[in-house]
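A, B, C and D are the chain letters, set down in written order, and residue numbers restart from 1 in every chain.
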Amino acid sequence: MAYFTTKTTPGRHFLQIPGPSNVPDRVLRALDNPTMDHRGPDFGKLGGAILEKIKAIFQTKSHVVIFPASGTGAWEAALVNTLSPGDRVVMCETGHFASLWCEMAERLAIRPEVLKGDWRRGADPAQIEAHLRADKAHEIKAVCVVHNETSTGSTSRIAEVRRAIDAAGHPALLLVDTISGLASMEFKHDEWGVDVTVSGSQKGLMLPPGLSFNAVSAKALKANEAAKTTRSFWDWKPMIASNATGYFPYTPATNMLYALDTALDMIFEEGLENVFARHDRMAEATRRAVRAWGLEIQCDEPRHYSSVLTAVRVPEGHSANGLRGTILEKFNMSLGNGLGQLNDKVFRIGHLGDISELQLVGTLSGVEMGLRAAGIPHKPEGVKAAMDYIAGNN
Amino acid sequence: MAYFTTKTTPGRHFLQIPGPSNVPDRVLRALDNPTMDHRGPDFGKLGGAILEKIKAIFQTKSHVVIFPASGTGAWEAALVNTLSPGDRVVMCETGHFASLWCEMAERLAIRPEVLKGDWRRGADPAQIEAHLRADKAHEIKAVCVVHNETSTGSTSRIAEVRRAIDAAGHPALLLVDTISGLASMEFKHDEWGVDVTVSGSQKGLMLPPGLSFNAVSAKALKANEAAKTTRSFWDWKPMIASNATGYFPYTPATNMLYALDTALDMIFEEGLENVFARHDRMAEATRRAVRAWGLEIQCDEPRHYSSVLTAVRVPEGHSANGLRGTILEKFNMSLGNGLGQLNDKVFRIGHLGDISELQLVGTLSGVEMGLRAAGIPHKPEGVKAAMDYIAGNN
Amino acid sequence: MAYFTTKTTPGRHFLQIPGPSNVPDRVLRALDNPTMDHRGPDFGKLGGAILEKIKAIFQTKSHVVIFPASGTGAWEAALVNTLSPGDRVVMCETGHFASLWCEMAERLAIRPEVLKGDWRRGADPAQIEAHLRADKAHEIKAVCVVHNETSTGSTSRIAEVRRAIDAAGHPALLLVDTISGLASMEFKHDEWGVDVTVSGSQKGLMLPPGLSFNAVSAKALKANEAAKTTRSFWDWKPMIASNATGYFPYTPATNMLYALDTALDMIFEEGLENVFARHDRMAEATRRAVRAWGLEIQCDEPRHYSSVLTAVRVPEGHSANGLRGTILEKFNMSLGNGLGQLNDKVFRIGHLGDISELQLVGTLSGVEMGLRAAGIPHKPEGVKAAMDYIAGNN
Amino acid sequence: MAYFTTKTTPGRHFLQIPGPSNVPDRVLRALDNPTMDHRGPDFGKLGGAILEKIKAIFQTKSHVVIFPASGTGAWEAALVNTLSPGDRVVMCETGHFASLWCEMAERLAIRPEVLKGDWRRGADPAQIEAHLRADKAHEIKAVCVVHNETSTGSTSRIAEVRRAIDAAGHPALLLVDTISGLASMEFKHDEWGVDVTVSGSQKGLMLPPGLSFNAVSAKALKANEAAKTTRSFWDWKPMIASNATGYFPYTPATNMLYALDTALDMIFEEGLENVFARHDRMAEATRRAVRAWGLEIQCDEPRHYSSVLTAVRVPEGHSANGLRGTILEKFNMSLGNGLGQLNDKVFRIGHLGDISELQLVGTLSGVEMGLRAAGIPHKPEGVKAAMDYIAGNN
C-alpha cells in the first residue's frame, strides 16, 4: 500500500485543505518516538506539562480535557457532559459543520432550535439575542456556535455572541466549536465567557488527527453535575480527576501527546500573537488573489473572514470538483471540496498551520494554473496580487 | 519535555508492560509519514485496503469498524450500538478490566448482572449457561466476556462460552473484549459466533494507542436497529456506509492508519499462526521462569493461561510495586502493576507483540536481578529455565 | 543545538541551493533505519542490488565504485587511480569547481594545462582538440571536464568533447565531473566514451552528502594498472574485488546506502527520462523568469544551459549576497552564493532533485519579492512568465 | 530491497558486532532531519559547536579534524599529513587492523617496520623502546599503535607507549588508532602525548559509519609542514582554516553532523566517566560469562582487556562462523567474525555504545543458546555468571 509520500510524484505534496494541515517535520519526529508506559513516572511529568501548556492555547485557567479521539468526539463530549435528553439548545446554521453538529445533537436526544443562515457569514448575535429573549422560561440550556466554519471560511464573533446572551439575560451555556480555529485565530475561552470550547489536533495545532479537546468553564462543570445524558468515555469527571497528577483514566494516545507537546513548544517559540498575525497575512494575501482572479469569496461579510481558509466560488456552469481534480493531477496539490449544499460550487484553500509565504504563493500558483487548465474564466493576476501584498507586509 | 527516548539512560527501554507493547521501527516509520487528505482519491485506496486486511486478523467476513479512539471507546461502542437503557446483560468478573467494563455499562444505564470470579482464571461457561437458563423470559440481551484479562493474565475460552449460550438456548448477544488478545492469541470472530469483538491498537497489533475496533456480526447489526441507547460518534451505521468506499464519516486518525497498514503487513509476512506460536513460546518460557523462581502465577488454571502476559504474585509481605520501582530504576524496564484488588500483590510481565527470544531473556533477567535487588525470596533459576525451554524449542 | 527543522520559522525551509538538494521524506525515512552488520548476509544482498542499480543511472555496463566520502573525494579518486606524479592533463576552466579540481591535481603532483574560459559557458571542444593535436608525443594523459558547472549553471557537451579527442586521434583519458549533473540531466558514460565519471550523492540523487562515485571504463581500469600515484582509501581495485559479492573492502556508509537504494527506486519509478524532462522544464521556467525580471543569466550560450541550476547576475552596483541574506531572512529560502570571481555578482537558483512546479513557483516568488525588498531594479514579471510556461507545458 | 528493519523476523535485531554499534533512536531522529545549506549562517553555528564539543571526547585542546568519510580514510589522513614517501615508521602487530594499517602505509610508499605480535594482547612498550633506541639516527618518523584492536579485543596502553618513546629519547610521532575505542574507553589525547589520534563514528560515538576524525597535536601540525606525501581531500590545513568559523572546505556530511551533535549531547548527559564505567561493567560481565562457559578469551593479558568487545575462541575442531550463522538464524543476532588468521577461530561480542545490562544479558543468552544449538562444548553457566556480576554491581 502506498501512502502519500511513497508516490512517484516528485516534490512535496501541497496539502492545502483546511485541515488536516501540514504536520511539521519536527512534530512528525516527536510522533515517532517509542511508545512509553502511560502509568510510569515519566508519563506523569509529560502529561502534567502538556495539560498545563495547552491552557495557554485556549487562553483559559480552567480545565482542558484531552480525548484520545478525533474532533467529532469532542463535539459529542461537549453535549453529553452538559445536557440531558430533551434539552432545548440553540444552534446557528453557519454552514455544513454547524449542521452536522445539529444532527449529532438530535441523535443524542437533544432538541436543537436552528437559527437559519445562508452559509456566507458567521452567527448573528442579534438573532441569538432575540431567540433567547423569547425564551422567557429559560428552558434553552445552551447556545452552540461554530467559531470557524471550515465549510465556508466564515467565522462567528464569539465575544459578540457572549454579549448577546448576556444582553438577553439568559443563563444558557455557550458551547463553541473552534476545531479549525484554535491556534490559528485569536480565541479567548475565559475572556469571551465560553463554557465549553471544542477543538481538535489536526488544524492550527499542526498534528495529525487523533486528539480532541474540551475546555470547560466552572459553569459547565456545574451543568455537568445535573446533565443526565449517559456518558462514560467522554465523561469529564474521571478525566479531570486523573489529570490532576498528569495521568488519564484510560489509555491515552501516547505518541500523539509527544507530538502535541512539541507542537505547543513550536507555537510558543513563534509566539501565539505572531501565529495569529501570520495567519491573518496569509488569508489576506489569498483573498487578494481571489479578487484579482475575479472570483467570489464565499464569505460575504468581511468582518467574518476566516484566517484559516478561504472558500472560493466557481462561476456558474463550472465544476469546483473538476478543478480540484485537475489541480491534484497536474500540480500534486489537494484543495478542500465544497461540502453539503456547496458541493461542486466552491473549493477551499487551507492556509493554516505550518505554512510560509513561499508555500502560499506556490499554493496560489497551483490554483491559478489550475483555473487555466480547467478552462475556468479568470484574470491571471491572483498570484501577482498576493505577492504584492506579501512583499509590502514582510 | 523529555520523552522516553531522550532520557540519558543508555540502551533501549524494555517496555514489558502488557500493552502498549513495543512499536517496531518499521511501524514508527509508517506513522511519521506526512498526513494526507482523508477525502482524496489515494485515501480511499488506503482505507479500502486496510478495512479488508483487518478482517483476516479478526477471522471474520463481516464488518470491522475502526474508531479513531483508544480501546475504552470501542467498549462503549459495543454497548451503545446493541443495547437500550435498562437492558440486562451478563458480565463475567474475570478481573479488573471486566469490572471496569461493568462500571461503564452501569454509567450507560445498562443493568449488568455480574457472575463473580476470583480473578485467577477466565469466565466459567457452566456458570454462564446456568445464569442464562434461569432467564426464561430471555430478558438478558448480552453476555459480555473479556477474552484476555490484562489484569490477571487469564483468558476466557470464547468457543466454550458460545457453546454455553447455545446450550442454554438463549438469544443473548455475545460481546467479547479482546483488546489485549487480538493478533497475539487465536481469535475467531466468525467461527466462535461472537457478535461484537472489541479490540485496540496498542497490544498485539504493535501500534501506539489511538485506534480501536468493533467486529460486528449480522446479528449484532440487527440488534443495532433496535438499540435505543443514544449514539453518534460510536454509531456503526454511518461508519459502515462510508467504509464501503474506503472512507470514514468523520476525520480518521490518518497516521495511525498508515501504521496499522504496515503492522498488518508485518503480521501477514510472519504468518498469523506463527505469531500465535511465538506468543505461546514466550509465555511458556516466562511461566517456567516464574516457577523456577518459586513464585506463583496469578492464573491458576493452566487451560486459561494467557500468551500475552504473565501476572506474578509476590510473596506475602513483599511489595510488587517496590519491585517494579527497583527494576525501573536499576534496569530501565517497565513492568505492569497490579490493578484493583491486585495492587502491590502482582507484577505483570508483558511478552507480546514485537518481541524476540533474546528480548524475553533480557526481560526475565531484569526480573530476576530485580528480585535479588529488592530482597524478594526466590531461587535465581528462572532465566536458566526459560533458556532451557527456548533452546529446546527453537 | 538547533538544526534547521527545529527553528521557529514556520513552514518548510526552501533549500534552493544547487545542492545539497531537498531530500525526500521517503529517503530520510530510509536513511534512519537501524545500522546493520556490513559483513552479514543481508548486507551482501543490499550491496549487490545497489551496485547493479546504480549502473543504470550512469548508463554504463562497467563498474561504478561507491566511496563512503563526499564528492571531493571522488575527484581525488579519479586522479589518483589513473595518473602518475608529473603527468600532464588538460583541464577546462569552466568555472569555480573546474578551478578547484585543477588545484587538487596540482596538490597531487599532476601537471594541469588549463584551457582558459570566461565562466559563462561549458568547455570548448575545438579548443580541446587543438590542444591535443599540439601534443604530438601524446604526453597528455587525460582531459578533465566538468559536465555541469555548479558555479555558473553551464554545462559542457561531453559527447562533443569525446568527438574532439577522437578527432585529434589522441589517447588521453576523458575524466568527467558530473557531481551536480547526474540523475538530473542526461549522462551516458558508455555511449559518450567517458573513462571516469565522478559524481556525488547530494544533488540529483536526492541524498544528503556523504557518498560519491566513480564510473570506470575498461580503458580507465587499464590506466589504473600503470598509474603510480599512491593510493589506498581511493583505490578502485579492492573496491571492485569486494563489490563482486556485494560487499566493500572497508566499512561502507551503511545508512547512506539505504537512502541511495530508496532514491534509486524513486528515480526508476518516475523514469529517468521523465526526471530529465522535468528538470528541463524547471530550468526553462526559471530562465523565463530571469529574463522577465530583466536580469542576465550567467551562462550566455543557450546550448550550454544547465537544467540543474541557473546562476543570475545582479546589476552592477548591487550585491548578490545582500539579496541572498534578505531572502533568507524574510522568506526562509537559501540560494546559492557566487563562488570565486563571481562572489557577490551572481546568485544561484537550484531547481534540481525532488522539486515540483509549485515549489519552483514558490522559489521564484521568493526571488522576485526579495529583489523588491533588496531594492534591485527588476520588472516584477518573472513569476508570471514562469507560470505561463509551466501552465502551457503541464 | 529489504533493509534490516523490514525483515519479518519479530523483535529488534541484536547488532552485537564490535561496530557499527546500535544507533540510538534519538540519534537516528537527528540523522533524518532535512539537509541544510552547508554555507548558510545556521550551519556555521552548528559546525562551530560540534568542533568544540568533540574536543572533550578526545580530551584535547588541540584541533580535531572531521572527515566526511569512514574510518579507513582517517587512517590514511594520519599518514599522508605527517609523513613523506620512504619514511620509516614503527607499527605494532596487535591484530588484523594493525596489519591493515601497515598495508596501507606500504601502499602510500611509507616503510613500516613491524614489531611482531601474537594477536593476543596490546603493543609491547619495551619492544617499542628497544626498537627506537636502536634507531640512533632518528630516522624513524612515527610509531603507529592501535589502541583498541577490534579483531582481538585487546588494548594497547597508550600512556605506556608514550613513556617508552620518551624513555628512548626518540622524536618519533605517536599515531594512535582508537577507531573502536573512542568514547567507550578512556582516551587522553593531550595527557598521553598522542600526536595524531584516528577515530570513526560507528563505534562508541553511536553513529552510523560515515564520519572519521584526526585529533592533531602541535607537533603533528609541524610535521605536516614538512610531510611530502601528496594530499588534497585529507589535507588538514584547509580543514583547520575553514573550521575556524564552523565551516568545511568542501561539502561535509551534513546529516551525519546532526547525528554527531546529538550523540555528543547524549554522552555528556550520561557523563564520559559513566560511559567508561558502564563499558567496563559490560565487558567484565561478558568475560565472566565466557569463563563460565569454559571458553577462552582471545586476549590473554588481563591488563589489556578491551571494554568494547570480547573475542572468544571456539574449541579446536569447531567453527566460529558456523556458530555465528546458527545464532543469526535462530536468534536474530549478529556477532563479529574472526578476521585474518583468526577466521573461524574466534567470534567477537560487541558490548559497546548504546547498550544496557538487559540487552547484554539478552546477547549473552543468544550466545549460550547458540553454543548449545551448534553443539559446541560448554557449561551453560555463562548467563548466570554475568547476571551475578551485574546484580552485584548495579
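Some points to look at:
Please note the rule applied: a residue touches a chain if its C-beta (ideal position, glycine included) is under 8 Å from a C-beta of that chain, and two chains touch if they have at least 3 such contacts.
This one's a predicted model, so the numbers in the text were calculated from it and none came from an experiment.
Looking at A-D and A-B, the interface holding more C-beta pairs in contact is that of A-B.
Taking the mean of C-alpha positions as each chain's centre, the chain lying farthest from the centre of subunit B is C. Put simply, the C-alpha centre of subunit A and that of subunit D have 54 angstrom between them.
Distance between subunit A and subunit C, defined via averaged C-alpha coordinates, is recorded as 45 Å. Taking each chain's centre as the mean of its C-alpha atoms, subunit A lies 34 Å from subunit B.
Listed for subunit D are residues 5, 12, 22, 25, 29, 32-34, each touching two or more other chains. Those residues of subunit A whose C-beta lies close enough to touch subunit B in the complex are 1-5, 7, 12-13, 15, 17, 20-23, 28-42, 45-46, 49-50, 67-73, 75-76, 85, 104, 107-109, 200, 202, 208-210, 229-233, 235, 250-256, 258, 261, 265, 328, 334, 337.
Those residues of subunit C that touch subunit B in the complex are listed here as 25, 29, 32-34.
Of all the residues in subunit D, the ones that touch subunit B in their complex are 5-6, 8-12, 14, 22, 24-26, 29, 266, 269-270, 275, 278, 330-333, 354-359, 361-363, 365-366, 368-369, 372-373, 380, 383-384, 387, 390-391, 394.
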